[in-house]
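Given below, in the form of structure tokens, are the structures.
Below are two complexes that have chain A in common, paired first with chain B and then with chain C.
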Partner chain A sequence: MTPLVNLHILAKRFTQLSKSVYFDPAFREFSQKTVHAIQHVIENADYYPDDVIRQFENQAWRVMQFVRGSRSNDAPHETQYVLRKALKDWIKSEALLSSAALEDFIFFLNTEDIWDFISRSLNRLSDQKYKPLVVRIGSPEAFKHRPVFCIPLFHELGHFVDHYYEISKSSLLLSPIPPTPPNLPLQTWQLINLHHRMEHFADLFASCYCGEASNNSLLAIAPDNPDSPTHPSTKKRVAVVGDFLNGRANQMIELLQQASNARAKQQLTVKFALPEVDSAFNDVLTYNITNENELYGIFPASWNYLHSQLNTPTAPWIDNELTAYGVEKTVNDLVEKSIRNFEIKERWSGVPTDAN
Partner chain B sequence: MIAAASSRSDRALESVLLVLRLESKNQQYPDTLKSYFRTVIQQTVDLLDRPIEVASQAMPEAVSLAVKISSDEELRELIEDILKVDNISSDQAEKALSSLEASFDPAGESAHFSKEIYATI
Partner chain C sequence: MSLLTRTELQARINTGKPDQIFIDPILEESQIGAVSVDLRLGCDFLVSILNHKPSVQLYPTDNTSEPELFFQNARRDLGDTFLLHPSQTVLATSLEYVGLPSDVYADVVSRSSYHRLGVSISSMFHPGFRGCISLELFNHSNVPIELIVGSRLVQARLFRNEHDVAYFQEGPRRKYIGNVRPTISRASHDIDIAQLVELSKK
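The block that comes next holds the complex of A and B.
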């Protein structure tokens, strides 16, 4: 289990994983280059300090989960397609998306910057310009075909963008925190304020794409959570998003907008347009999404449709026999297919013709 | 996480800690890593002096380090001293390393604070 022995094992493992039939070509290239870097470290073990080798090994272990997840057929494909578009609004480089299907009610997005580490630490390796953005999206496997229930992933994407630019952290430098309460260390107080600002940023980010559905999904998961060191109370979070969507002045929004402008060169703005899905969904037909604003807007629109039908069923296809499970499955299915149709049309229009 | 569930790890300063660890052991390491470290701490000090002017260009690691240092006067002086010299002493590196590694993590802490405290955020 020494680092060098482990690196041999890792090289073998990356090679095995990359031979999968379903492997994404971009991840195949990523794996091959990572194997090359691992072999480089093995061959230059006398040159690099032990601590550098150990850190490289740690990163290689961590990034292996990303490579493994890229082969998964358990991802919520349609939601990931929309998330990829939202990510592109903020980060221009092409992302390698990997997924984790979880047997738990958890959502997350994380990244590994092994190639940033390689470029600054392995100076004898020639391939220094390769710096892909690798993102892993975790969501409950049970929600694979339930895009409406994957709305929390927009909140997680907000955390990802925040972390990428360090927007909330910058806000601490640009907009000082309130005076430290008595008997509380400044570091503790600063970290609590940071975590609260991070949650507000992620909420606001999600509301740019999903509007009120961001608050509604939070209220479904944590209806009355109080303030904690890591999260503001649900009541505060919902109020901040409400102020944002209704154009009301709010100090938290202003300081995060200032930091977002400084770091990401853009502010949080509403990107969705609410499509009128009722008519199509009442006829059990997919909605014809016409643009990206509606692509985002189908999440809040279908959240509203689903919950109004669960509370007061009016759609002709709902009879007394149909359970809540049947209703949510049908609506999620319609949303999934509506997004898929948009994606297919987009791909189709991007195919070059041979007319000339 | 959308609601409190598990800890949130912050690896932004991993390479900065690595350099301090190497310096504390007086080890030789690649110049690229040295120059990276110098850039990060220079930007960190600039950020603390002129945040509005510098925030848009600083590396994410410099932002992370600046936030940590902004609440620790002793660590700030230490980093400023490191920036002034060409060769970091192992003593300086060790002090900075232990200070950075001893950060409070509220995600792992079972801390409870009053409603009045949260009301001020």
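The block that comes next holds the complex of A and C.
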């Protein structure tokens, strides 16, 4: 289990993955180049310092988790399709969206960039021009076919955009943080404020695409969390998003918009349009999504529909025998298929269906 | 009972009215033929596999012989190929999500081009059906066949009944409503099975 032995094992695993028929070509290339980098480190083990080898090995393990989850069999395909569109609003370069399928009820973003590490630390490697943009997000494997429950992934994508442009970081220059509380080191206080701004940005980002559903899913996960070193209280987070969606003035929103403008050359703006899904879903039919705004809006619309049916079933297809599991499966399946139909039509026609 | 022709099909497909024949997506108008609608092969598959159990049990005495343990899922994208081996059973669905009104039922069969290769499919879908059409693929030939996701594999002949049928409101809860992916057989959920097993014990 030394780093070098582990790298041999990782090289074999990446090689196996790169031969998988379930990968798209971009991921296959990523796996193949990572194998090449691993083999390079093994062959030059005497040249690179031990801590570099160990750090590289650690990063490779974590990357493996995401790359493995990105095979088409395992990935939440339809949700990823929509996330890729949202990401394109902010970052025009082609991005690899990779997922870790977790046996846990958590959503997260991993910001480590193995190829950034490689370019900084493996100076003998010839592949220095390869700089893929990889978004690594994790979500519960059980939600693979439950797009309505994957709304938190838009929050994680917001973290990626923030990290890419350093929006929250730059906001510290635009507006000083409040005075340091007594008995707290300044550095710790600065970090707390930065983390809180990052969470607010990610919340606002998610609400641009999912509206109130981003707040609703937060309340489902963390209904009453207090302030912590890493997160503002749920109450504060919900209030900021509420102000944003209702056009109310809010200092945090203004600050982050200013920072976003400066770094990403664009502001957070509402992108979704709420489609009227009730009629279709009541009839157990897919909804015909007509443009990208509705593509985003189907997430909040379906959240509302699902939860109203769970609370007070009125849909004709819900009877006494149908459990909550049956209701959410039906709704999630209809949403998944509605998104997939939009994607199919878009690919078939060869151009985006949204005229804009 | 009458077979719906092109004019009638065009008049009833995706009108948005309660009696519409819902088919989404229809990628080409030419899918609507003189007396049938071509449907395409979908992206998801359940491939039959062997495991250490000798048989699929419709009324398993333990949970290690249930049908779902004998299938493995696979996914392809539009345009990808899927290899159907000789004598292999694969569950797939249509690319299209279909909703039949209460006065229309559908017979779905493989198109002649695929029938000639040894792929035969035959199914019927009741009035009120909702979901992607289930396709039980079987290769009768002795060579593997490469199917292409999105290709027009089957044709649906739609028949109008004289009277409406409340298929999904009558009888026990229907097992496959609203499916968007292939679904393992739920034959074991048939109410008769439990009764028959009890009979066999006497």
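FYI, the second predicted complex is superposed on the first by the 274 of 356 C-alpha atoms of A that agree within 3 Å, B and C clash if a C-alpha of one lies under 4 Å from a C-alpha of the other, contacts with A are read in each partner's own complex, and residues count from 1 in each chain.
In the analysis below, a contact is a pair of C-beta atoms (placed from the backbone, for glycine too) under 8 Å apart; a residue touches a chain by one contact, two chains touch by 3 or more.
Computed from a predicted structure; not experimentally measured.
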item: Clash or fit, chain B versus chain C on superposed chain A; value: fit
item: Which of chain B and chain C A:V284 touches, first, second, both or neither; value: second
item: First, second, both or neither for A:F108, with chain B first and chain C second; value: first
item: Which of chain B and chain C A:P232 touches, first, second, both or neither; value: first
item: Which partner, chain B or chain C, touches more chain A residues; value: B
item: Partner chain in contact with A:T15 - chain B first, chain C second, else both or neither; value: neither
item: Which of chain B and chain C A:N304 touches, first, second, both or neither; value: neither
item: Touching partner for A:D333 - first (chain B), second (chain C), both, neither; value: second
item: Touching partner for A:E321 - first (chain B), second (chain C), both, neither; value: second
item: Smallest distance from any CA atom of chain C to any CA atom of chain B, in Å, after fitting; value: 29
item: Set of chain A residues, in rising order, touched by both chain B and chain C; value: none
item: Contacting residues of chain A [partner chain B, same complex]; value: 48-49, 51-52, 55, 106-108, 117, 119-124, 152, 155-156, 163-166, 169-170, 172-174, 177-179, 181, 184-188, 190-196, 202, 217-218, 221-222, 225, 227-233, 259, 262-263, 265
item: Touch list for chain A against partner chain C, complex; value: 22, 72-73, 77, 145, 283-286, 288, 317, 319, 321-322, 330, 333-334, 336-337, 340-341, 344-345, 347-348
item: Residue ranges of chain B in contact with chain A within the complex; value: 1-6, 8, 12, 14-15, 18, 21-22, 25, 27-33, 36, 47-48, 51-52, 55-56, 60, 63-64, 66-67, 70-72, 103-107, 109, 111, 113, 115-118, 120-121
item: Chain C - residues contacting chain A, complex; value: 22, 24-25, 27, 43, 73-78, 95, 97, 99, 130-132, 150, 168, 173, 177-181
